[in-house]
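Each structure below is given as structure tokens.
Next, two complexes with subunit A in common: one pairs it with subunit B, the other with subunit C.
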Partner chain A sequence: MKRILVIDDAATVRMYHKSILQSEGYEVEESINGIEAIEKALQNPFDIYIVDINMPKLDGYGFLKELRELDIPQAPAIMVSTESDEMDKKKAFVCGANYYLIKPVKPEQLTAVVKLLIGEVRQ
Partner chain B sequence: MNPLLEQFLIESRDFLQGIGEKLIQLESAPDDETLINELFRLVHTLKGNSGLFDFPEMTRVLHASEDLLDTVRAGRIAYTRELADLLLDAMDFVSMLCDEIETEGTIKLDHAEQSSRLTASIRELIEDVDSGNSTAEISESSNKEEVQFNSIEKLSIIPDDIRTEAYRMVMEGKDIHYIQYSPSEECFYQGEDPFYLVRQISGLLWHDISCRQPWPSLQEMDAYLCNLVFTMLVACSREEIAEHFRYVMDQVEIVALSSHELEAISSGQGANPFSSENQTTEVAYEEKSQRDFVSLSDAERELVKEIVTIQHEILSLPDDVEWFQGRLKAVANTLSACCVKMGKKDAIPELESSLKEAISIYNSEPLLAWLEKHIMATYRSEVKQLTGKEVTEKEIKDEPVIQVSPVHPQGCNRQKEFVNSGNKTTGKIPAPRTEARLASRILKVDQRKIDRLMNLIGEMVVSKNALPYLASKAEDVYGIRELSREIKSHYSVINRIVEEMQDAIMQVRMVPVASVFQRFPRLVRDIANKLCKEVELIIEGEDTEADKNIIESLADPLIHIIRNSLDHGIEPPEERIKAGKSAKGRLIIRATQESDRVVIEISDDGRGIDPAHIKLKAYEKGIIDEATLEHITDQEAINLIMAAGFSTAETVSDLSGRGVGMDVVRSAVEKVKGEIQIASEKGKGTRITLSLPLSMAVTNVMIVQSDGRKFGVPMDMVVETVRVAQHDVSAIKDKKITVLRNRVIPLFNLNDLLGINMPQRLNDDGELAVLVVKTYSGNAGIVVDEFYETTDIILKPMEGILAGIRAYAGTALLGDGSVLIVLNPKELV
Partner chain C sequence: MGFVKKQKDRRIEQNERSYQRNCDGFKLQLNDPDPAVRRWAARDIIQCPDASTALLERLEKEETVEVRQAIFTSLINIGDSVAVAGLVECLRSEDAALRNEAIEAMKQLPEEVSPVIRELLNDDDPDVRIFAVNILEALKHPDVEKWLMEVLETDSHVNVCATALDLLAEVGTEKSLTSLNYLKARFSSEPYIQFAVNVAIERITNE
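So, the complex of A and B:
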């Protein structure tokens, strides 16, 4: 089964994303910050990362940069945040995101992107 | 309630708590950047959460608060008390909404107004700063950016043909402006006709009308207030627009549109009539792509296109970052997924090799080439616009976190040094990784579940107690000593386990007093502000733990004591200075654990309690008689403030005088088997000490017998048990007393107290069994027929109509299945 990691410090948002993705039949795990997410990715890499920007300890940008330095399969990452500034978007892409969604994400929006990106991830 | 909403409420409460704390902390350290950032993050996340639901009232206020904090964070506005007040009000409002969502499931309509009001006052604060900072752009500056952005978003609702027309006009050198006109609410009373005004502007290409705020329900809507926003696209100069809207310029936002902006939002589908090159090739590619995309819906095709375009953009970014390889791989994976979707699987092997090449030469060129060859050519016409926005050197420099550092071509295998490299490159990873792990190990459990466990353990304790009865029955009735002994040894095992279980569950229920104390900084601050007093609050021992129920029952009494202290105790600054004290009063709340009790001390350095004043008051109110007035000691007088119906405040103030006095505090504390003591010195201050049990789950009672019935008496009220020979009982007037170690102890027969018409029995030596207990007026002796052992019971309070009988503390089930009534000696005597 395809595995997705939802990284967000807000439990409500995690639950929201998780329930949407689970109903599509994906296996979803959660992390409350970038550090925890890196640890999880190291143990068992995911097929897609859904990353919030604003988090304590290690934020979304930091997480992406660290993730992209790891020697694991580099799955697509979707940045999700309320900031919709062009600047933030650009920064997300510089740091290693592959797509950008603005909160609150509509369920059909999220599933469409995930379905598309989860395709076949090379090892 | 749906689980997501439930989660939202639980989390919101946590956030609101955190926000409140941070706001208060910031008052003493307004320049603490970490605090402000943390505060911003909390508000930001809360806003994000609320956005998942349809609670516009809440989101609006949170959004404004977030913006305000962003202004603070940027150093454009100082953190002041007014600002804190406003934010605290806003958070109170949000918290109230949370309560309402919890009870009603939704937010009632009548909060919309308050929400708007709060939002407006927060926005005002932001705008004040903006207008104050730059005199050149009044009022426009703050909204400008937002409008600029929004306009781009909104442009997408303009029909394609009109946009194409506008694009053409711009190319011809005409001015195209996007206008947003928000007439004032009262415009109809000011002789304005917004619709007419809009229709009359020259060069109007397109216009749209929307509502500023969600429409209220019909019965609440005021049709005479304008709630409309007009947006339009016009082809005329800024001067003409300014002239046209000259009476309402403050309500109009004008954005000049460039061809670039019109292009950027032009939907990918709409063929751009102005990109003239290679029309024929394009058509050819388009046909081909149509074939590839045949199984995809329009929306999916759009999405693929968007994602591919983004990957192109990413590949065009500078390569001077350490995670460059990972970025390339991720892009390749993303593109590969797109290929699958587009039915271009055959392009994937080439993608692989391009990726390898790109990594080896540390340059994204090979991947770009692949992208161009296999996909981009298809989209060329549209894509050109997007890649036109090349990343400039400056933009990269604005990126604060990335450090341009030497390239590591073989820096592939980095995971082992993750922590180190993390610290080095981002400086953002705090060392204790275990902390993150710890956080995820904390389990939040509904209190009901714990209460249930608690009840089960209670039942376990009771049924375990049946074993000794069984053992003695085995021996006495059935005469099997062996079995009796085995039951006993088994009992000791079960007993140990149950005791441990009990202890474990107690631990779960233990919460730090901080959960109550954390409200106090805010409370003290607000009250002190209201009373124009200066107060320094010192809280100590927040980590002290006690049972959740006890802690919770503490909240109200403590708040009342604090209010009293601030209202009656601590003097206004002038008075304090006159009395030779510092202007700032001091209130100390200290919690400590003393053996099996939690002791909470609230002391202030205020004016103290004047015993003479109390005596007089008590006499006036008829609480004490003349005789008592004469001989009462100062300490006894001070204790009188806890007598029912006593309130010393000359005038009932808004704060402490609400008809509840210290007597309510006393009974609340005693309800959880706590004690309260007051010490005070006139002019120096007052100290109130509450002593509470750590846990009230299990009560140790002594079983006594009277007239053949058994009763329990809580051990914490029993001072001692004595046998008093009948001839040592004397009488003062008509009251029986005895002298115990040179102190007179009044005696009461339990039978008399309970209305049983029987004399107390003497034992064979002609002695009375006297239970010395604590009462409100010192120790008293209760004469019973016989004492028995003490036992642990789970005390169940009296229910229904019986709850009104204060003489009984409750009932408990004994091991042999019988019900024990537990007395409350304080009320009995």
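So, the complex of A and C:
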């Protein structure tokens, strides 16, 4: 079963993403900030990361930069944010994001991108 | 290692000798090329008049994390109107880390921030309104629930409402049920809002 880490400081957002992905058969874990997410990734790397930008302690950009420097199997990351500026998107990709979604995310949108990045559908 | 440390200490001592130990000296040290000197200056300047202005000017260009932390700590300790206004401006920055640091700093200044929070909740920029809701989380102000209900009833931006909803799920009481149901009706085609309102109502009614 593919494992997904949802990283967001908002509890309801984590619950929402988790419920969508669990209904598709994925195993989902949660982190409330980038630091906690890095610790979890080091213990047992995930197949995909879904990460918010604005979080305390270590934000989404910082998380991605650190993740990409870790000596662990690398996996796709989807940045999910309220920020819709082109600059934010560009920065996300520079930091190592593979996809950028704007909140609030529709369930079918999230599952489609996850399946695409995880290799369950052809591009 | 010891040699490196000694060299660094000597450099700081030399810097201290080249600056006056007064407010003018601290202001100059805030722009010293050595981050250690800037960090100490950010701490030492706190008793000086116009310290907030000098710290905020430095913050605009400061890239060293430790120095930025020292600047924010001093701004929190000063907590005057200049410091609060400067922190509000940081919310408009393109730098996500700076915005988050400003939010965390403002959370530590509940009395000083409360008077401007209503203004922030009505700001033209939806991102600033979202950050204002993030700050409300820590304010422990008696009007927090009322302010969140107003956001749910009046704000046209879905993500501002979603952020308020997330907080209301934690702090809301039965007083907010009408606002929650109103929001659900306003954004009837938005799955996240439907989900989050249900979570909030369940939490409130089961408590």
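Criterion: the second predicted complex is superposed on the first by the 119 of 123 C-alpha atoms of A that agree within 3 Å, B and C clash if a C-alpha of one lies under 4 Å from a C-alpha of the other, contacts with A are read in each partner's own complex, and residues count from 1 in each chain.
Here is the rule we go by: a residue touches a chain if its C-beta (ideal position, glycine included) is under 8 Å from a C-beta of that chain, and two chains touch if they have at least 3 such contacts.
These figures come from a predicted structure and were not determined experimentally.
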Do subunit B and subunit C fit side by side on subunit A in the superposed arrangement, or is it a clash?
clash
Touched partner set for A:I32, first subunit B, second subunit C, both or neither
first
Subunit B versus subunit C as contact partner of A:A11, first or second or both or neither:
both
So, does A:S19 touch the first partner subunit B, the second partner subunit C, both, or neither?
both
Just checking: does A:P107 make contact with subunit B only, subunit C only, both, or neither of them? Give me first, second, both or neither.
second
Counting residues of subunit A touched by each of subunit B and subunit C, the higher count belongs to B
Of the listed stretches 1-9, 19-27, 37-45 or 145-153, mark the one in subunit C with C-alpha atoms clashing against subunit B.
145-153
The intersection of the subunit A residues contacting subunit B with those contacting subunit C is 10-13, 15-16, 19, 54-56, 59, 61-62, 82, 87, 103-104
In their shared complex, subunit C is touched by residues of subunit A numbered 10-13, 15-16, 19, 53-56, 59-62, 82-83, 87-88, 103-107
The subunit A residues in contact with subunit B across the complex are 9-13, 15-16, 19, 32-33, 35-36, 38-39, 42, 54-59, 61-62, 64-77, 81-82, 84-85, 87, 90-91, 93-96, 98-100, 103-104, 112-113, 116-122
Contacting residues of subunit C [partner subunit A, same complex]:
94, 96-97, 99-100, 103-104, 126-127, 130-131, 134, 158-159, 162-163, 165-166, 169-170, 190-193, 195-196, 199-200
Can you check the complex and tell me which residues of subunit B touch subunit A?
3-4, 7-8, 10-12, 38, 41, 44-49, 51-52, 149, 299-300, 303-304, 307, 310-311, 313-314, 317, 321-327, 329-334, 336-341, 352, 391, 395-396, 398-399, 401-402, 411-415, 418, 421-422, 425-426, 428-430, 433, 436-437, 439-440
